[in-house]
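Below is the structure I would like to discuss, written out as C-alpha cells.
Chains here go by letter, A, B and C, matching the order in which they are written, and residues are numbered from 1 within each.
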C-alpha cells in the first residue's frame, strides 16, 4: 500500500526545470531511496513534498490526502517528518532536552503540553539516545557535539517524534565512514522495530543499495529509472548519469 | 527546593509586603517599579523565551487602561454621557461601586486583551523578525491614533476615573498591593510555565522555528497562547494603572509607544532576556537609572535614556544574566564537551567540503 | 516626551460624534462636485510624497546594503532641517544654499570621514578624544543649566562636540558599524535609542517651537484660485527630483555605486573580490544621512520642523520601503508619491486627525497583503 503518491510533479525556478513530470510512490512500511547526481532535483522534490515551496503542476498525496497546497507545519503534523542535510538541532540545549522537545506535539492537546515531562518521557529519551549511541553524552550541550554525533542526535529526535514517515536528506553526508555502517544498521532497525516508513535521499550508492526496497533515480529533473536495487544498479542509463555521460 | 532558595523567596516576599509601610514616601515609585517588573516579564515571554520581539505590547497596556475605565464607568453610568460632560456634570461613585469597578475592570481588561491578542496575533505572527517588530509597533501606533479620535471614550482629551474612596495614602498602598499581587502571581505562573513542555516548545520556536515546524510543533498555537497570556497580565496592569493615574489620555499615557513600550524592552535587555530573573533585575536597574536621571539631570533625562538604550543594545545585549552565564557557566549547570567541540568544528568543515 | 503630531482636540460642541459619517459623506461629495479639488489634493500629495520618497530611498539603501533598519531616519531629516535653519539665521546663508549645506553636514555626521587620514588620526588619539569630549559634554550640560547668558557657551561646547563626533567617524562608527552583522532587532532598537537622543538634543539646542524659513516667493493661482501652488513648494519638489536623479545616476555610473550594489547582493563575495566593504558601509550610511539632511532642508522651506517631528518621517519611510521592497528604486518613488496622495485624500475625507493613523494603517495593510502573497508561496515574511 502506498503512503506517499507523487504524480506528474513539475517545478521550475525561472527557466530552469528542477523537476519535470516526476511520479514516484513510497510504500508504507518500506524503505524507499531517491538517488541521482548533483543538481538532478532530488532536494527540490523533497522540499515540494514537505511543503517548502509550491509546485507548478501535478499532485502530491499523503494517505490519499492532497498535501501540495499545505504549509510545512500542517504537513509535519500529519506525521511526515524530515531531517535536514545540514543538521538542525537546538545547539544551546543538552541532548536530553533536545529529545524532550521532540515529543510528538501533534498528538498532544494544549492541556497536555502544560505539564512537565514525565519519568517515562525521560526514560524513552534515554533509551533512544542509547539506541543511537549518545547515552554517555546526554547531558552535554548538543552544540558542542561533533557533526556526526549531531546527525545521530537529529535521527534520535526524529524517532522520539514517532513519525509515520521519515524523510531523510543525505543521512550519511559528512559522517565519518567508520560510523556509516552503524547508521545503516540503525536506520534498518528503525524501519523494522518501530515500523517507520523511510524515504531517503542518498548520494552514496553503496549505502542506498544496502537498504532500500525500491529506488528511484533522477537525472536532469526527470525520472530516469526505478525498481529494486539490483535493477537500478545495473541500469545503463543510471551508470551513465553517474559517470557524467549525457 | 533548597532551604536557601526558600529563604530567599520568603525574604523577598516579606520585603514586598513591608515596603510601602517602611518607605511611605515612595508609594508611587514602588508601584511603578512593580509595573515595570510585570511588563518586562511579560515582554520576555514572547521576546526572550519565544524569540518574537514585539514593539507593540504597549497596545495591551493602553487597551487595558481603556477597557478598565469603560467597565468601571459603564457599570454605573452611560459612558458617552460621562465622557461628553468632561468634568462638567456630577458623577458620584459609592465605595462598593468603586471596588466592583476596580475588580471587574482590571480582570475584564485582562480578558479583553487576551482575546485581542489572539485576533491580532493571528495576523502578526505570520510576520518574522523585523516585520513582526514593525507590524506590532504599527498596531500600537494605529490604536493610539484611532482612540484619540474616538469621542465616546473621551477622544484626545482622555478619560477620568473615580478617585479612591479612602484617604490618599491608603489609596497609594491599595494600588501598590494590586500591582504587587499581580507581579507575584505572574512570577509564580511563569516559574511553573517555563518548566512545562509548553515552555520548552516556545524555546524551540525561538531557537529554530523552521525545525520546530518540521517537528510538527503547533507553532502558531503556542505563539498565540503565549502572547495572549502575556497580554492578559499587561491588560491587568494597564487597568490598575488607569485607577492609579485617575485621569489619562490616549497618546502620552495609554498608548505610550515610545516610552513604556520601549522601556520594557530595555529592562529585559539590561537584565538578560530568556531568563526568569533577568527581566526583574533589569526592571529594577532601569527604574533606579530612570529615577536618578529624572531627579538629577532634568532636561537631559531623555538623552541619558537614549544613550542607555544604545549602550545596552549595542554593547551589552546579553544583559546581566547573559554576562553571568558566560563568566560563571557552572551557576547555570552547563557543561561543554571541550574535546567534542574541536572535533565538531573539524567534522563540520569536512562536512561542508563534502557537500 | 512630546508628540510631534497632534490629533484634533475634542469637539467644541458635544454630541458631534454622530455626525462623523455625514461629514465623511459630505467630504466625498465635495470631491465629486468639484473635480478640481482632486487635482489640488493630488498636487499636495505629490509634493509631500516626493520628500517622503527621499527619506524612504535612504532607508532602502541602508536596509538593503547593510541590513540596518534605521528608526532614526526621521531625526536625520529634522536634523538637516535644523542645520539649514541655523545657518540661515546665524550665518545669513541663503535658504536655497541650506540644502547643499545640510547635505554636507549630515554626510559628515553620518560617517563620511570614516577611513580618511583625519579619522585614523582620531582613532590613534582615542584617550585624548574621550577626555576632550567628556569635558566638553560637562561644560555643555552646566552651561545649559545656567540659563540664557550661558547659551553661547553651550553653543560652542555643542559645536566642539559635533566636530569631535564628526572626526571620530560620526554616528556610524560609534553605533551603526557595531550593529551591521547583528540580528535584525538590534539595529531597530539601537537606532531607536539614537532617535530619542537626537530629538531631545535638538530640543535642548533649538527649543520645542516649530521653525520654518520663509523664502518670500509668490504663490501661483490656477482655476479661479481654487488651486494654489506656492513657488517655494515647486522649487522644493524640483530640488527633490534633482537630488533623486543625481543619486540614481551616481549609483548606476560611479565605481562606488557599483561597489555598493555589489555589497548589497553579497557582502562576502564583494569582500573576496577586494571591495572594502567597511568603506562601502560607512559611505552608504553617510549618503543616507546626507539625503535625509537635504530633504529636511527642503522641508524647512516649505513646511515646518520641530524636534519631535522625526518619528512621522520614520514611520512613512518604513511604510514606503515595506510596500515597495528593497532595491526597487522606481517602486520606492512611486510608493512615496502614492502614500503622499493617499494621506492627503484620507485626511481630506476623515479629518486631519486621522493622518498618522492612515499612514500606519497603510503599513499594516501592506504587511497583510504581502503575508497573503507569501502564504501562496508556502513561505513566511521575514
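Keep in mind that, in the parts below, a residue touches a chain if its C-beta (ideal position, glycine included) is under 8 Å from a C-beta of that chain, and two chains touch if they have at least 3 such contacts.
Predicted, not measured: the structure shown is a model, and the values here were computed from it.
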*Most centrally placed chain, judged by C-alpha centres*: B
*Among the chains, which one keeps its Cα centre farthest from the Cα centre of chain A?*
C
*Report the inter-chain centroid distance for chain A and chain C in whole angstrom, where each centroid is the mean of the CA atoms.*
50
*How many Å are there between the centre of chain A and the centre of chain B, using C-alpha atoms for each centre?*
41
*From the C-alpha centre of chain B to that of chain C, how far is it in Å?*
31
*Which residues of chain A are in contact with two or more other chains?*
72
_Multi-chain contact sites of chain C, meaning residues that touch two or more partners_ = 375
*Sites on chain B touched by chain C in the complex*: 53, 55, 80, 84-86, 123, 126-131, 133-135, 138-139, 141-142, 145-146, 148-149, 151-152, 154-157, 250-252, 258-259, 262, 265-266, 269, 297, 299-300, 302-303, 305-310, 313-315, 317
*Where on chain C does chain B make contact in their complex?*
1, 3, 6-11, 14-17, 69, 141, 144-145, 175, 178-179, 182, 184-186, 188-190, 192-201, 204, 311, 315, 318, 322, 351, 353-354, 356-357, 360-361, 363-364, 367-368, 371, 374-375, 380-382
*Could you please specify the touching residues of chain A with respect to chain C in the complex?*
51-54, 69-72
*Show which residues of chain B lie in contact with chain A when the two form their complex.*
193, 195-198, 200-201, 203-204, 207-208, 210-211, 213-222, 225, 334-338, 340-341, 343-344, 346-348, 350-352, 354-355
*Which of the residues in chain C end up touching chain A in this complex?*
375-379
